[in-house]
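Chain nomenclature is as follows: A, B, C and D, assigned in order of appearance, with residue numbering initiated at 1 for each chain independently.
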Amino acid sequence: MQRLNREQMARRVAQDIPEGAYVNLGIGLPTLVANFLPAEREIFLQSENGLLGMGPAPAPGAEDPDLINAGKQPVTLLPGGSFFHHADSFAMMRGGHIDICVLGAFQVSTRGDLANWHTGAPYAIPAVGGAMDLAIGAKRTFVMMELLTKTGESKLVDQCTYPITGMACVSRIYSDIAIFDIGPQGASVVEMAEGLTLDELRALTGVPLIAGAALQPG
Amino acid sequence: MQRLNREQMARRVAQDIPEGAYVNLGIGLPTLVANFLPAEREIFLQSENGLLGMGPAPAPGAEDPDLINAGKQPVTLLPGGSFFHHADSFAMMRGGHIDICVLGAFQVSTRGDLANWHTGAPYAIPAVGGAMDLAIGAKRTFVMMELLTKTGESKLVDQCTYPITGMACVSRIYSDIAIFDIGPQGASVVEMAEGLTLDELRALTGVPLIAGAALQPG
Amino acid sequence: MIDKGVPTPAAAVAGIFHGASVMIGGFGTAGMPDQLIDALIDQGAGDLTIINNNAGNGETGLAALIAAGRVRKIICSFPRQSDSHHFDARYRAGDIELELVPQGNLAARIHAAGSGLGAIFTPTGFGTLLAEGKETREIDGKNYVLEYPIHADFALIKAEAADRWGNLVYRKTARNFGPIMAMAAKCTIAQVARIAPLGGIDPETIVTPGIFVQRIVHIASAAPSAAQAA
Amino acid sequence: MIDKGVPTPAAAVAGIFHGASVMIGGFGTAGMPDQLIDALIDQGAGDLTIINNNAGNGETGLAALIAAGRVRKIICSFPRQSDSHHFDARYRAGDIELELVPQGNLAARIHAAGSGLGAIFTPTGFGTLLAEGKETREIDGKNYVLEYPIHADFALIKAEAADRWGNLVYRKTARNFGPIMAMAAKCTIAQVARIAPLGGIDPETIVTPGIFVQRIVHIASAAPSAAQAA
């Protein structure tokens, strides 16, 4: 089985983002997607701290402490970009104006519940940021994650055991091993790593999986 | 008895508007107040169609169809004025940021209910505009009106018979015959036309009236 | 390359369907997108629900749309004006349904729709005829009425300038309902007096980011200078 | 003549009382009004309820206010950061109460306060720990949580320029919570990098009209160019 590395996962997500899409890339792994958006497509990146039309990182020395993304990293603004306040920014999100939001996850359930904000550990100081707004606001929420934990447990689960971020909000999962669509029937497999069979994937995840259209014999 | 005419009423209201106040002047009689604001006081006029720092009417020929007040008359903007959209404008009002709103009225009750939007006549097409927002939004709502109808009935009443615009929202009434404060105890008389007695005023209005502090023998 | 510009008002209003809900910007005539309304009349869609502050003035714009019999229902704050005779006649004849909304609640409900809220408790209208039958609640000693968002299929608005991404700036009090209607409609169509190059509008001054705008059409004759000369 | 300018940060924070609720602008350090916070630390008010997106970074600003033991409660979305050790220590010791609010609900609740709404139904957080015990409702097939406005006695914000009427413009993403906190506080205090003459800010570009601002103080050292050089 040929797993995708982080860059390959980001490249794969980028492929599916069409020209003209309004997209919010979450902190961490999803931020990598920006590096692989095809230069010939105009795609609008939103950052929930108040900018639309976010450009790449500035050249060293050209950082501006007043021009940062949601991860508090210095960024740039493209011509045609705009600034706005936090209520307007989250109105974009909550009001369904963002086409695609890409988020990391601890767990996703087969009905699309997302857990990515809190491990639930008793000593942890909880912090949510914009995660809950991002999870439920966009027209489509993509999750990017490695399918298995370091100890081999599936992060695609029947029922999240971590506290959830949003209910039934994930529409697609991009992982290192497979891509899943989440719908009313549960999780269906869109693509799999080369050399993997659907039964092997079922064994890895331990959840019911539907064979997606592309996997069906023609 | 020496009744005030419309200009004298407007001048009297203007006297009570302090420097630095944010003020909305309703359509009709209240609009006159702007003509009598002392030039040495900086007072901020808001118009609910999206401007703050409204100036006087433009010179003939200098009208701009995109620069109008809530009564759809051409106006000007003072240096330091600003434009904003309707939600922000009514947030100023409903959020309690306007110090004084001056409105006309069909009737005001002694507990401060205001009726100024609808005669209730069955054939009338109702129209409310911003009246209900203005009535309840400002820190203080002043009413300007002639105290009696053309047929001699008091517009200061025990209970409004016209459909109300807002409940317990009027704090002061400026009329041609007297000025009233409205408080938890009801209507108290602040000033009266020269030559009028409190008992005569009670007879004119037919409602209980308290003698205000300025009317008390020293 | 994304260019939200369309060549004509007719192209701008394409797809507005029979029975659609249509927000129309403007307060009186300031900010009223006359050329888009004219194109909508020519286009022929009827049975429309219109959301506007008023119900048309005189013979043009929204008044003409009403006169043409295309409006089934109107949601507005101030229908009755000295020259609103087309609305008046159809309303008295029972041909048009009227939902009368206090102006600030109209703005707040449109804003709530654009912001994805399910409902809001607003103090305006409490205890009045316009709150009859509505849920109310006392919160921290003050009374509120529960009001629901107003969404629309389309918004027709007028702005001063746009770039090809649909970023908008407005002119003076013609701004009024434009920015919030743009947020609340599935498809927002703006007629603009000027097309700026991308990056030609200072990003600090953009009032409506392009995410809220789907189509723009350049109407040179809508320039305020022309209106002033008229 | 109205001039909302005050000469020093100390004068700007005068009157902030023991037990006050204080909104503090900024997202991380962008838009954080450092000099106003320093002045508040010097001024001595304690038992404060602070509303901010975060809970302080490093050793300055809000972190220093927390380290000085002045904060009783914090309402924020993202307290835990790599350098939030002052908050972490006091929170673990039980010295600070935390109300954790999703960032968009934080913005919407502040905006609701400034707009005079009594409560809002928001979809964010439904079905999560952060909605436990809260009223919920299904509206048009979607689930919402009832959230209440967040008001404050004072707001400390940072802007780029002001005129003597208190009109404000901001700089890039330092805008963040400034405009809505200005609306939601009884007394809004802005530190600005530049004072413009009255009329010197284009009225079309004013982000926060002066009605929402009570005091301004000029902090030359807060200019972004200086910050960049630091």
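Everything below uses one rule, namely that a contact is a pair of C-beta atoms (placed from the backbone, for glycine too) under 8 Å apart; a residue touches a chain by one contact, two chains touch by 3 or more.
Since this is a predicted model, take the numbers as computed values, not measurements.
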| item | value |
| --- | --- |
| Where chain A and chain B overlap in contact partners, by chain label | C, D |
| Chain-contact steps, minimal, separating chain D from chain A | 1 |
| Distance between the centres, which are taken as Cα means, of chain D and chain B, whole angstrom | 35 |
| Separation of mean Cα positions, chain C and chain B [Å, integer] | 29 |
| Whole-Å gap separating chain C and chain D, where each centre is the average of the chain's CA atoms | 33 |
| Residues within chain A bordering two or more other chains | 77, 83-84, 87, 90, 93-94, 137 |
| Chain C residues counted as touching two or more neighbouring chains | 108, 115-117, 122-123, 170-172, 204, 207 |
| Chains that touch, pairwise | A-C, A-D, B-C, B-D, C-D |
| Chain D residues within the chain C interface of the complex | 108, 112, 115-123, 137, 139-140, 142, 144, 148, 169-172, 202, 204-205, 207 |
| Chain B-facing residues of chain D, complex | 1-2, 113-117, 163-165, 167, 183, 198-199, 203-204, 206, 209-212 |
| Chain D contact footprint on chain A (complex, rising order) | 47-51, 63-68, 72, 77, 83-87, 89-90, 93-94, 118, 124-133, 136-137, 163-167 |
| Residues of chain B defined as touching chain D within the complex | 19-20, 22, 42, 44, 46, 52-53, 77-84, 87-88, 90-98, 137 |
| Parts of chain D lying in touch with chain A, wherever the complex brings them together | 27-31, 53, 77-81, 87-88, 91-92, 98, 100-108, 110-111, 122-130, 143, 170-180, 207, 224, 227-228 |
